[in-house]
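A quick write-up on the structure given underneath.
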Amino acid sequence: MCPGQLDHELWRGMEKQKHIIETQQFDLPRIERLFEQTRRVQRSLETGNRHEFGYSLKGRSMISLFYEPSTRTRISFERAAQLCGMNVCGTENAGEFSSAAKGETLEDSIRTLTGYYPDVIVLRHKETGAAQRAADTIDRYQLPVHVINGGDGTGQHPTQALLDLYTIWESRKERIENVHVVMGGDLAHGRTVHSLAYVLAKYSTVHFTFVAPTELQMKKEITDYLTRHGIRYTLETDPKTVLRDADVVYWTRLQKERLDPKLREDIERHGMYQIGQSEVDMMKPDALILHPLPRVGEISTEIDDDPRAQYFKQAQNGLYVRMALLLELLG
Amino acid sequence: MCPGQLDHELWRGMEKQKHIIETQQFDLPRIERLFEQTRRVQRSLETGNRHEFGYSLKGRSMISLFYEPSTRTRISFERAAQLCGMNVCGTENAGEFSSAAKGETLEDSIRTLTGYYPDVIVLRHKETGAAQRAADTIDRYQLPVHVINGGDGTGQHPTQALLDLYTIWESRKERIENVHVVMGGDLAHGRTVHSLAYVLAKYSTVHFTFVAPTELQMKKEITDYLTRHGIRYTLETDPKTVLRDADVVYWTRLQKERLDPKLREDIERHGMYQIGQSEVDMMKPDALILHPLPRVGEISTEIDDDPRAQYFKQAQNGLYVRMALLLELLG
Amino acid sequence: MCPGQLDHELWRGMEKQKHIIETQQFDLPRIERLFEQTRRVQRSLETGNRHEFGYSLKGRSMISLFYEPSTRTRISFERAAQLCGMNVCGTENAGEFSSAAKGETLEDSIRTLTGYYPDVIVLRHKETGAAQRAADTIDRYQLPVHVINGGDGTGQHPTQALLDLYTIWESRKERIENVHVVMGGDLAHGRTVHSLAYVLAKYSTVHFTFVAPTELQMKKEITDYLTRHGIRYTLETDPKTVLRDADVVYWTRLQKERLDPKLREDIERHGMYQIGQSEVDMMKPDALILHPLPRVGEISTEIDDDPRAQYFKQAQNGLYVRMALLLELLG
């Protein structure tokens, strides 16, 4: 196969879905194929071959429509598009700057923008369900445009979940079997932990420990889902007791202003829910420490050089996964 | 003629004007040629040939300089440039972010930016006359840069008027004859209705009905212009009485905060100046319903699928017209 | 040598430095080589050959990361990148929009962004030393990314100093010898005058007159530096007495709100520290009047057409110098 060509063989027989809205829409074969493509993209870029995919999507275009700011997600999507040869335009802050400020509905904005011949619209929006509404508008008029959900309210952020999953998949020799995932921090409000829990639940041998202050524990909606699908999980409140057995430690930020003052004081005084060298020292030698970033103190920079700390690699995997998704949708 | 090549024959003998400042500068032959080019662009893109013009303006560049936010206008210009192969850079909110905040004059900003070798500057500005001032600065120093007015204060928005006119021209078999145009809503403050009235007045058989609350009627400056040029018009206040005979219904948003409280109540209670199914049912079967968008309730979404509702097609025509203008100026 | 090819001969033996952080890092041979390349870029563009360098850095990419708005600096960098064939993406206002708002450190942001395969990050930041911190982060992890300081707090703005210096170099037949530079305005707070003084001090025959209200005089740190390096300078308060003998008049904005009310009144009433026709009439026929722009009244527009007024040319030289720097770093 020629470099720069998408391996169409790889995708044969696959049910492409037009839009990327939520993690549940991906079945295991699709994920497997996506990750194989992601790995090819990664190897190509890591070995300095920045041009291999540079013409794959030449002449195609992305509109990045961000109603909420998100430099990380936006720039990684735009770089993914550029590295596939696409044109990019868009807005950093659609909510404030655009006709949305004059009261235009999302549906009208989407229908107008699709008239400008984008191939993909990446949408970040404050409201849960916004990406689905955008997709419905496009499908109603049978427009040849793909929507990718770049995060909708407290809903989903599917490409984040895919990059998280890819990071686990890749570091465990491309297998997700008998993995013990410890998720910690604010599990009640974090959309990344929700999306990742849904997608990990597709692997029957995964089991979870959710460690969080009681009022910030994983939502019942998700633990019910796990129960229905026969996935084991445990709820804990003290990180110290659970890090030892983790294969993957997925840590998130505790928004302290949401906490009971007493608990807040404990956390601040004792560094509870903070991962530093002593926490890492407890972990298995091949554990994986992940974080969706940005972090603000809950993971100490002192562990950044530990090989188990993979959160920056994880962020970079976002580029690879997004390139693979664009190649899948448009290739 | 090869695909992707601008038909220079089409432009021969035409007096190109360097800048696009106001609708009055276009005479009928120029409009006709521009629309023929627009139609070629449209057909090319509609038939999936996104590459036909993709190299026409390769290596040329646009700076979009928006002192006021306008996602719709900015993105359609940027996509038009990209689809012609141009580079784009610019700012979404020059007023807040740039040296304008430090007190730099528009003239100094323009002179500086022209030093960076743009081919076109698209300018959106709060002040009426800003585009002309930018053009004067460029001409004074004989710089090879075109200014396109992307809307200046309560002044003009010529590419909006051209896309409106093109929508009428195209839907009426490329002829504008004996057209009865009903303009409704806030005619006093809407810069799009002003620009469109000026350009339609070039067609001697067009006649207008302006329907608006008395305090929001069409400005005397424009009705005087129509009288001088022998164009018939009528002023009305009740939409119900005028929709029946319209060939084109051009509707705009009523800014309710500008209205007398009594009138406002009538409008809110009775849905006056709102177009819904019952209003559309009155209209001719081949009437054209246009709106510059965004709309905020004055056209009901229930009529979106009626073939007479052409406002999204109209918005898309903006892309085609802007591409044709870029090809004319730079081709 | 083929057009469009960087003259590698020109750079042979040169110690490339990976990042552009401050003017002190440039020695005279490097400056000389950079300016020769700048001149080639300038000639190419001035003679209408906009394509000569259009493929030199094809496929390379710049991320412009502006925590403070600066349309001029950002657009000139982005145009420089485009004219070399590079891709560009970035953010206009990282401070407000990005994860910085959530408390992410600059180091974490840089490490994340470098994962997206930029070749260059142009950084504008409120804090002095930010560019060095970004460079340190990159070097610590041996990442193949160059940082260019686009202005850090009250620190440096090295590409501004280089474009200033180039303007002097080019207008004086590519020699900087026995030049009397008069710097005026707010010398205490202006980062451009500081950077330029440091770099001019490399030329042993340059001498300075610093003319400013006493409380806004050049910082002791810099006059001490000049003394240590044997560079002559004089401190003055009255512009009238010093313009006559200037080879270069480098003028900056006085921020009146920083001034003593009495002095402020004198300045406002008598137009002190303002350069108009009568001030220009005093100057040598081949003097050079420079200003980093934006200006807000301290240089009258009435002198804009005087051949000595070169501030817009100077701004344009910023494009050429930035292209030459990109070609040096990445070529």
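We call the chains A, B and C, going by the order they appear; numbering starts again at 1 in every chain.
By definition in this document, a contact is a pair of C-beta atoms (placed from the backbone, for glycine too) under 8 Å apart; a residue touches a chain by one contact, two chains touch by 3 or more.
Owing to the predicted nature of the structure, the values given are computational and were not obtained by experimental measurement.
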Copy pair subunit A, subunit B: interface residue numbering same or different (half cut): different
Superposing rotation of subunit A relative to subunit C, computed on C-alpha atoms, to nearest 5°: 120
Chain centre separation (subunit A, subunit B; CA means) in Å: 40
Per-residue multi-chain contacts in subunit B, two or more chains: 92-93
Contacting residues of subunit B [partner subunit C, same complex]: 59, 61, 63, 87, 89-94, 96-104, 107-109, 111-113, 115-118
Interfacial residue positions of subunit A with respect to subunit C in the complex: 45, 50-51, 54, 69-72, 74-76, 78-79, 82-83, 88, 92-93, 293-296, 301, 312-313, 315-316, 319
